[in-house]
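Here chain A shows up in two complexes: once beside chain B, once beside chain C.
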Partner chain A sequence: MAAAVAAVAAATTAEDEARLLRLEEQAEHGGGGAWDYLCLARRLRARRPAHVLRVGLALLNNASARSGLASEQWTLYEQVATAAMDCQRLDVAKDCIGVLSKQFPGSTRVARLEALLFEAKSEWAEAERAYTQILEINPFDQIVHKRKIAIAKAQGNMSLAIGYLNKYLELFMADHDAWRELAETYVSLQMYKQAAFCYEELILSQPTIPLYHIAYAEVLYTMGGLENLQTAKKYYASTIQLTGGKNTRALFGVCLCTSAINQLTKGRNKEEEGSELQRLAAEVLLNNYKQQAPSKAPLISSLLKNMKLS
Partner chain B sequence: MGIGYVVGVLGGAILAHAAYATIQYRAVLKITEEEFSRPPMDVMMELLLGLVLCMWAGLAVPTKFLSVLPHSDENRIVSLPANLDFMIFNHRGRALPSDSDLKLHT
Partner chain C sequence: MAEDLVLDTAIRDWVLIPLSVVMVLIGVLRYFVSKLMRSPATSPSPDPKLVKEGQVVIRARNLRTNAQFIPAKAFKARKVYYTNEENGLLHVPKEDAQKAQAAMFSDPNMAMDMMKKNLSMIVPQTLTFAWVNFFFSGFVAAKIPFPLTQRFRGMLQNGIDLSTVDVSYVSSRSWYFLNLFGLRGLFSLILGEENATDDAQKMMQMGGGFGFNPTMSLGAEKDSLDIMQHDWALPKMERHAEDVLKQLLKK
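The block that comes next holds the complex of A and B.
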């Protein structure tokens, strides 16, 4: 069972993101680095189908470049097929899958792509049937289980998607992507208490990722109530710590939480460290706006004054 | 990078010279029939210098150090990967015109 648990996808760092954009620009204008770009997009699991389709097809249509990739070309066919489906270029996707099925007859991976093509065509029953056949061979195929959840989601049947996700997480409870998907689904249905539970799981398993801290803080802030607001403020503060004060959303969060807490308590039981935190957050926020968007600095200044934070 | 290699070679040469000096010193002791207790002070200093240079080169040559701070640019997380396992295709992209000359030439 442990072997079946999906590997954690690396979160995108500021450096990775800058490199991806640089390579994308380079590849789009024929400056080389096309394969590097496609590899990085795959590693970061970036969803940039239009670019991947253009750059990938240019590589596949160039016979010498394609032969230079050796066995890696099949991974590229798969990547381009998925990007083509995402761009609704089903003809291109069909061609890529055709090449792959000729090369790997009876492959489960190709069968998954064929089922994905049914999904792209909105042929849900066909896709379901294809996935059921794969699950008969391997009942613990995580990707196929996830695709069944995606089908329910694509049809707009959110309660079924949640049911499937909960069943899936009983089997594979260390799958962070599934917890995240469940959290986002709950948030979209305004089921904040359940979403908060999912984010707690994510923070427990990956405590160094600030985006989970901020998502949890926002869910708590949305739920409201003094206790939730105080906890939300702590998680906004931990986001600020993990990002070195570079997360504007978290800085705003601290200010908003402080303002909401002050309104609820009508100014009584003010903690000393709390007021220090809000003062610093407001100061950093104002400095950031003065540096990066000077025209908006007066707006922020008046906003903070209205909140009685500066 | 170049200076790292030079320092590494220099450190290695100094260590080799220290070894050679120690062998020579022991040969002299055999002739004078004295007991060997430890290498002379200049050899010890040479050994320490060689060690420092080799360690510096060993750390500097392979690659640059990466920051361990969570908020430094190479570690600061700005976005999570797209949840591609749950990707759905019935989105607004369907309505956008696509490049019709994009074809796979087989």
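The block that comes next holds the complex of A and C.
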């Protein structure tokens, strides 16, 4: 049932993306459908700033088309402003935000755009101040919290980013995107124990996503130690099971874990020797290379021999 | 079988249709009145404590439902973090729970809102019922085009004390009640999903007192976690992975 739902969702997404490309081409060549394209880009959250900017500006500069949008024109201004900042067309962004702030004085949404403009100009202190003001009014504005984290990361201040992420997760504990961001930040700082905790949270919230299993396995493998290696091997195995054996990284992981465990136990671990998993993983890995990259197959073969797995 | 009754078309024109129209108009009017009476929210942002508690419950539920996917050590650490008696996230001291309830009952704004809601519901209902009772009581207003069992008599023939009349005939007073509870779908179309005219729902809520206590869900989640045993699923995954790889090699 779940697989069917996922398949339908994937098909719908693919269909929407194809339609987006079709509308994009149509709008670019003046064939109409500009507003439909912009609406679809917004709905799919597609990040295509150059196209959105071109099409959006053409609409905004056409007075009759703009007035035809009625109240929707303000959404267009917002969309064009964001795209302009993405393309470093700060003059356009400034104009759009100016129009919006005139229309909606004191709006949090416009204040957010103004802070985003400071970010685009790399005026970090100003942006930080603007975001702090928004949070004073509404401490539950998730987007603003995330922007503050982004500012810290953009400045390369990872410890501050971690501080902000932890603060954010105190409020919104169930946000898995934040847990993932925190995990990746910890990994980048080689704080593997903390990263492992974050990946555990991710596995708890979405246990069927193989990406989290493999990331957790890799963190455990990096930490080392017999217990961690044995656990890592199990998570590589679960990734194999969840991906139907199609994940090369997981197959390698099983081989590496087995090799490391054998080195640590020096053949004392009878249970590991009895396991057939590593032999099968090595065989599938070799087959994959023979089919998809025959030139590298001998290299893999010798690598696996060195690991005493083939 | 009782003989068919012939209903005057004037009943349709002067009872059936006006009654339905009046009920719809009163519903719409009541929606706007209750909207005007509703006190503006004192703060646009929700209570931080409530938000945090809601998030804790979600996270604890995730732990409870998917605990088999993390190692025993990780599960134990989390279990302690949530349920320990000193500062566990799910632990609510008894006095805190009582305080929360007392605060709810002593909040004058909440009491006022409740009174306003009840007023906007009871007053128009009383008036319309009195109006229906005075002008349209004691006669048949419509016929349902399919047969019904005797159990429906009480519901459809309110105000008519004749056992000989076929059950599918609806009295005017019953027509009022059918409209009262049956126009919910129409109101959600006219006024949107979040309309203030859902009487059936309101009547249910009236019995519930001052809403739900957020600390209760924390306690329930804590109890569930306390009795939970950890059974790690990953060792089985190795065997499943072997089966998957064997299948791949067979192809």
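As a working rule, the second predicted complex is superposed on the first by the 198 of 310 C-alpha atoms of A that agree within 3 Å, B and C clash if a C-alpha of one lies under 4 Å from a C-alpha of the other, contacts with A are read in each partner's own complex, and residues count from 1 in each chain.
Keep in mind that, in the parts below, a residue touches a chain if its C-beta (ideal position, glycine included) is under 8 Å from a C-beta of that chain, and two chains touch if they have at least 3 such contacts.
Worth saying up front: this structure is predicted, and the values here are computed from it rather than measured.
Once chain A of one complex is fitted onto chain A of the other, the partner contacts of A:100 are absent, as it touches neither chain B nor chain C.
Chain A has more of its residues touched by B than by the other of chain B and chain C. Looking at the shared chain after the overlay, A:244 reaches both chain B and chain C.
By the touch criterion stated above, A:198 is placed in contact with neither chain B nor chain C.
With both structures placed on the common chain, the touch criterion links A:113 to neither chain B nor chain C. Look at A:173: by the touch rule set out above, it reaches chain C but stays clear of chain B. When the two complexes are overlaid on their common chain A, residue A:38 makes contact with neither chain B nor chain C. Across the two superposed structures, the residue set of chain A contacted by chain B and also by chain C is 244-245. Listed in rising order, the residues of chain C touching chain A in the complex are 44-46, 48, 51-52, 55-56, 58-59, 62-63, 66-67, 69-71, 74, 234-235, 237-238, 240-242, 244-249.
In the complex of the two chains, the chain A residues touching chain C come out as 137-140, 170-174, 197, 200-201, 203-205, 207, 231, 233-235, 237-238, 240-241, 244-245, 254, 275-277, 280-281, 283-284, 287.
Partner chain B is touched in their complex by these residues of chain A: 6, 9-15, 17, 44-47, 49, 53-54, 57, 60-61, 80, 82, 85-89, 91-92, 95-96, 98-99, 119-120, 122, 142-143, 146-147, 149-150, 153-154, 177, 180-181, 184, 208-211, 242-246.
Within the complex, the chain B residues that touch chain A are 69-90, 93-94, 98-99, 102-106.
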